[in-house]
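These notes are about the structure you will find just below.
Letters A, B, C and D name the chains as they come in the text, with residue numbers starting at 1 for each one.
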Amino acid sequence: MIGLSHYLIVSAILFSIGLMGVLRRRNLLMLFFATEVMLNAVNIAFAAISHYYNDLTGQMFAFFIIAIAASEVAVGLGILIVLYKKHGSLDLDDLATMRG
Amino acid sequence: MDNILSVLIFFPAIAGLLGFVVDKKSARAYGITVAAIEFLLSLWLWFSFDTGNAGMQFVEMIPLIPDFGVNYYLGVDGISLFIILMTTLMTLIGMVSMSIEKDVKNMIITLLFLEMTMVGVFVALDAIVFYLFWELSLVPMLYIVGAWGGPLRVYAAIKFFLYTFMGSLVMLVGMLFVAYVYHSLTGVWSFAITDWYALVLPVNYQLWLFAAFFLGFAIKVPMFPFHTWLPYAHGQAPTIGSVILAAVLLKMGTYGFVRFSLPMFPDASVMMITPIAVLSIIMIIYTAMVAYAQKDMKQVIAYSSVSHMGIIMIGIFAMNSEGIGGSVFQMLSHGIVSGALFMLVGIIYDRRHTKLMSEFGGLAAVMPKYAVIFGIMLMASVGLPLTIGFVGEFLVLLGFYEISPVMTILAGTSIILGAVYMLSVFKKSFFGPVTKEENKNLKDLTAKETWSLVPLVAIVIWLGVYPKPVLDPINKSVNAMLVFMEEKAITAEAKDIIKVPQSATTVGEVK
Amino acid sequence: MEGLVYIALFAPFASSLFAALFGMSERKIFVGVVASVLLAISFVASAMLAFYVYGTGHAVHVTMMDWINAGDLRIPFGFVVDQVSVTMMTVVTLVSTIVHIYSIGYMDHDKSFNRFFSYLSAFVFSMMVLVMSDNFAGLFIGWEGVGVCSWLLVGFWYHKPDVSREENPSISPSWAANEAFIMNRIADLGMLIGLFILYWNVGSLQYDEVFAAVPFLDGTVLNAAALALFIGAMGKSAQFPLHTWLTDAMEGPTPVSALIHAATMVTAGVFLVIRANPLFSLTPEVSYFIAALGTFVAFFAASMALVNRDLKRIIAFSTLSQLGYMFAAAGLGAYWIALFHLAAHAFFKALLFLGAGNVMHAMHDELDIFKMGGLKKVMKWTYLYMGIASLALAGIPFFAGFFSKDAIIETAWNEGTIVLWAILVVTAGMTAFYSFRQVFLTFEGDERYKQYGIHPHEMYRYVLIAMSPLAVLAVVAGFGMEGFEHFVTKLLPDYHMSEHTHHIAWILGLVVLVFAVGGIALAYKKYYHGLKRDEKLENSWYYKLLANQYYIPVLYEEFISKPYAMISDAMWNKVDMKIVDATVDGIAKFLYKTGDETRKMQTGNLSNYLNWMAVGAVLFLVVAAISAAAIG
Amino acid sequence: MYEAIAFYLFSALTIGLFLITVMSKNVLYAMTSLAAGMVLISGFFFILGADFLGVVQLIVYVGAVMALYSFAMMFFDATRDIKEKNTPASLVFLLGGLSALVLVLMFAGPIHSEAIQALYPMHEGVGNAQDVGIVLFTKYLVPFEVAAVMLLVAMIAGIILAGKKMDQSLTKDTSVDDEDEILKQKDAK
């Protein structure tokens, strides 16, 4: 029987994959992808909890996360395009202008 | 004058604000006038003080943050009364004797603000108000050391500020925790110290809280090994800064122990007697030795200050009326004597622009008046009977003897070691032939210097011969404190060690 | 009678204040005169009180005011004039008056003349407080007061520079003054501890209450208290090992040596033991220790006096030795004999010192007796005085010292402490020898001073007249012994020789006499006809050992003063600066460094930030997991 | 049974696909696998009975977001392999592995759920969409509206950033450039 733990574990593994992506990648676009992975991983956990506790709150959160993810992509991609135009690159190493 | 305490606190502050519009030339006269009025006000406080009453007097209470029980709550008892008097007196005398040429107006204003914070610390009965003044007092001192100090002034000022500030932050956490515990036990928020006194805390709470408060107070005292900021601060501060620092600011720490640690955590205090006594004894002997090794006259006095604060510390932890009363008296004595000694060092510094003892020698012949006053203060510092220094030291050692004879003997070496370094200073500076050409024509005390020192000499002798008017109110309040400490103590050990004098247990008996 | 008490007490104080008024001005003879008159008034008041106490047998007890009230402690300024204190008062004021008058002559060339009188009178006041107080705290006031006055007076010529120990064994007046003060402080700590023990066991420091309570106290407590008080007495009375300051204190002006370091202050320790006799008589072990130490010091000091060349130091050693005798008597329980010897000693020792002062004045501050000789021609009165004093000191029959010292030696026999007796007898012989060695070398034989170009002259006549009462007393004081015994034993425990001792008393006396006369004869043989130096003897190790005071001052310097200074310096430079302060600075530096290092995390590269964020997140996760595991 | 099979299948596939997303050098592969993974995630939602959420997932992610990514990629050279200096693999795997390990350990443990009470319980016999709708438009009305406004703002922002005058830099102040040029011209004169 598949329990809550199974979903949570899958969610955790997916989240860690996303985290690895965030750590590994220098290309901003790929970073966006990794972020999407993490967001989706969390969504699974929410949905699973919602299911197992028979409570809609989890799903609500998932909705809002999706909404935020969508907005983020919209704005983020816009910024990426601007950046690309300015620097001709999306590599973070090339964009390191905030050195302290 | 029901709100005399508020007047005492805010008069110098308001006067200080007005000081900004005073003409630069008359700033000094203005400052002295304000300080003199303040001193007279504090004298008035003494005269209207009911010596038969051991509790808090002239109480004022205005709610500040009612939801959290923070009140503007003031009051004095026998313990704080004389420290306030000493504060106003030393500020006045410090101003009279001040020899600063640079930015006199700013100095006067700073001093007046400092006076406000010092008086505030000693009259506050609300922990938050106490803490507020406690921290505020750092700022003017920081400014005095940092702006008028010697070559290393910035280092010294920052060290002084950060070190004491760090300790008091821990103390603040302790205060908040006490308030929290008070709330969880009674359901009411209160920061009033008098409310906290009624709180019976479990021993492990007491120990933790004691440690928190200890850090704040011990750095201020300053206890070994937290003392190293003091020589720097003294070494760099201008004379007036050293005088106020030694006379009043250090007393805040010991006063804190008497006002907070002892009555609030009687069991923890009793448990901590041995560690604190050991630290104090190290402090007494070690700093006395370090003082002996100094080449700079002012550093000797600075280290001797630390050594004497050790005596005050063990007196507080004697847990009997003789010891604690003696400690409070010794606070006054140390304030006046070390203040005077710093002023004396300042006087010779003004003339020679050096404080190295090797530069002096034979001054007794050139500056006889100066030598006489220095000698009197020296003798008071080493605790000669019939000077103010003896009464406190004697009572402290007497009181602590009940706790531990061996430690008393060790602490008592202060009377030997004190004589060693003080006499060596006197011999190096005042005795022998006049070897340096520059010293041959030094001017003896000027009228200004004489008039600022003579009152101190008079007090040193008056309170040495007849300490009763001061000792009685102190004693009364200390006895009252011991009575409720004993009642409040949980452990049998603490009940056993806290010793209420017989004269305090029989109510109404007049001796 | 109360009025008299206050007059006796405060006349010296008034004198001191009066002289202090002129302390910084030119020499004014009238200051000395007024001071002397006030002291004389004090003496007269004391004498009247003595007659009153003698006549009525009642003590006068006054309480002036409260001093310290704290907790259960009540210390008043209370004064008691009883048989013991009135004896001391009379002796002190008498000797002081004479010394004051003497000082007018002696200090006539000193520009700090007025200051001197101020200090001297202040000393007398302190001494009066010491002897008259009715409680231990008051005694301690006087105790410290005389210490300070002694410091001021020993260091009176503070302008003299420090010199090496070879040149002057006491280095300089200011050095000697500090040494005296510090050594006394060491002992004072013992005394304070004694007071504390008594207070916490009795609940009071009043003599009458303490002495009423001591019989009920535990033996250990009593022993501790007695020992602690005696440590205090050891300092003031310069008993071994705290004795070195006394000879160095001879740096002070000679009247000071006469008054403070011979007649009065140094006997304060003996006075304390006598005063606290109810305590000491309950502690036989401590008392025996006192007697043994006293005997040892008597011999020890006398041995150093045998070879010394310094006129004043010889007398100082003899003072030390006589103090040993007093302690021996007090330790053996013969308190009244100790007090009697104290009084008698005060007279002849003051006389001896003042005589030495005359010589010094005449010899322009030259103190080496090897450079004197034949002074009797110019100074016959002084010779007479010093001769009388030396005879009294040596214990020649019918002089004051004979009665008192003989009684002490007899006591030692009576108590069955034969070893102590033998040492005391030998010491009596040594005393006679060094006293007369000094007298003969100074006044008889060849006139060695001439080769140093000194023209000695006799002291002023009024000074010599002023000294005469002391001379008379040195001769006749012994005859008052029985009356004295009768008088003071009203307060002090009586001490009688046993029947057996009484029978052989004349034999014992004879033995002592033989030693004394033998000592004088030896001195006569060796020194009466001039100085013949014996190179071999002077180079022998024992001569050098004695001449260098058993090297004790050097040892103290090498093993106490210097290491103390070294350790202090190390404490400052090594511990305080390198450890304590460095730790504080280290913490600050660590924080600063940490900030400086972690600043490098701010690379400006988003990827690095993300990495750090992930590290943080993982750390938080781990913490959460651990705490969850800990709770669950 | 079917649920278990579906779960394991979807789990294995999503993990594999997302690994490709994270590891692939080619943007196109990465995006494709991401899209596929998201579809599968909606599968999870359906298994869990969150039908509406599954549908939203499909529409928003697979439809809208992926479309956005595809358009965005047209600006960048998508066919080329991305050359990037990846963070050292040891650090990545250490941190990723550690977090996975800790999370898995935490989630694998027993879950104490006695205290949990459903705030908005689902109702038997009522469709998921209906349930969601009721809650969304009653309790979560304000957040919902805020989310709507946020989406609107995001849309406008996206248009502004990527839309008009795409050949001009938004960050560079053109007026300054002009001044510079004027200055240069002045210098030339």
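Methods note: a contact is a pair of C-beta atoms (placed from the backbone, for glycine too) under 8 Å apart; a residue touches a chain by one contact, two chains touch by 3 or more.
Keep in mind that what you see is a predicted model, and the values were worked out from it rather than measured.
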C-D compared against B-C, more contacting pairs: B-C
Most centrally placed chain - per-chain CA mean versus overall CA mean: B
Chain centre separation in whole Å, for subunit D relative to subunit C (CA means): 97
Inter-centroid spacing, subunit D versus subunit B (mean Cα positions, whole Å): 66
Chain centre separation (subunit B, subunit C; CA means) in Å: 36
Separation of subunit A from subunit B, taking each centre as the mean of its C-alpha atoms, in whole Å: 62
Residue numbers of subunit A (touch at least two other chains): 19, 23, 25-26, 93
Contacts with 2+ other chains: residues of subunit B: none
Residues within subunit C bordering two or more other chains: 607, 611, 614, 617
Pairs of chains, among all present, that meet the touch criterion: A-C, A-D, B-C, C-D
Complex contact set, residues of subunit D against subunit C: 87, 91, 95, 98-99, 102-103, 105-106, 109, 112
Subunit D-touching residues of subunit C, taken from the complex the two chains share: 607, 611, 614-615, 617-618, 621-622, 624-625, 628, 632
Residue ranges of subunit C in contact with subunit B within the complex: 23-24, 65-74, 137, 140-141, 144-145, 148, 151, 155, 158-162, 172-175, 178, 181-182, 185-186, 188-189, 192-193, 195-197, 199-200, 564-565, 567-569, 571-573, 575-576, 580-581, 583-584, 588
Residue ranges of subunit C touching subunit A (in the complex, touch as defined): 599, 602-607, 610-611, 614, 617
Touching residues on subunit A, where the partner in the complex is subunit D: 1-2, 4-21, 23-27, 29-30, 32-34, 36-37, 40, 43-44, 47-48, 50-51, 53-57, 59-60, 62-64, 66-75, 77-82, 84-86, 90-91, 93
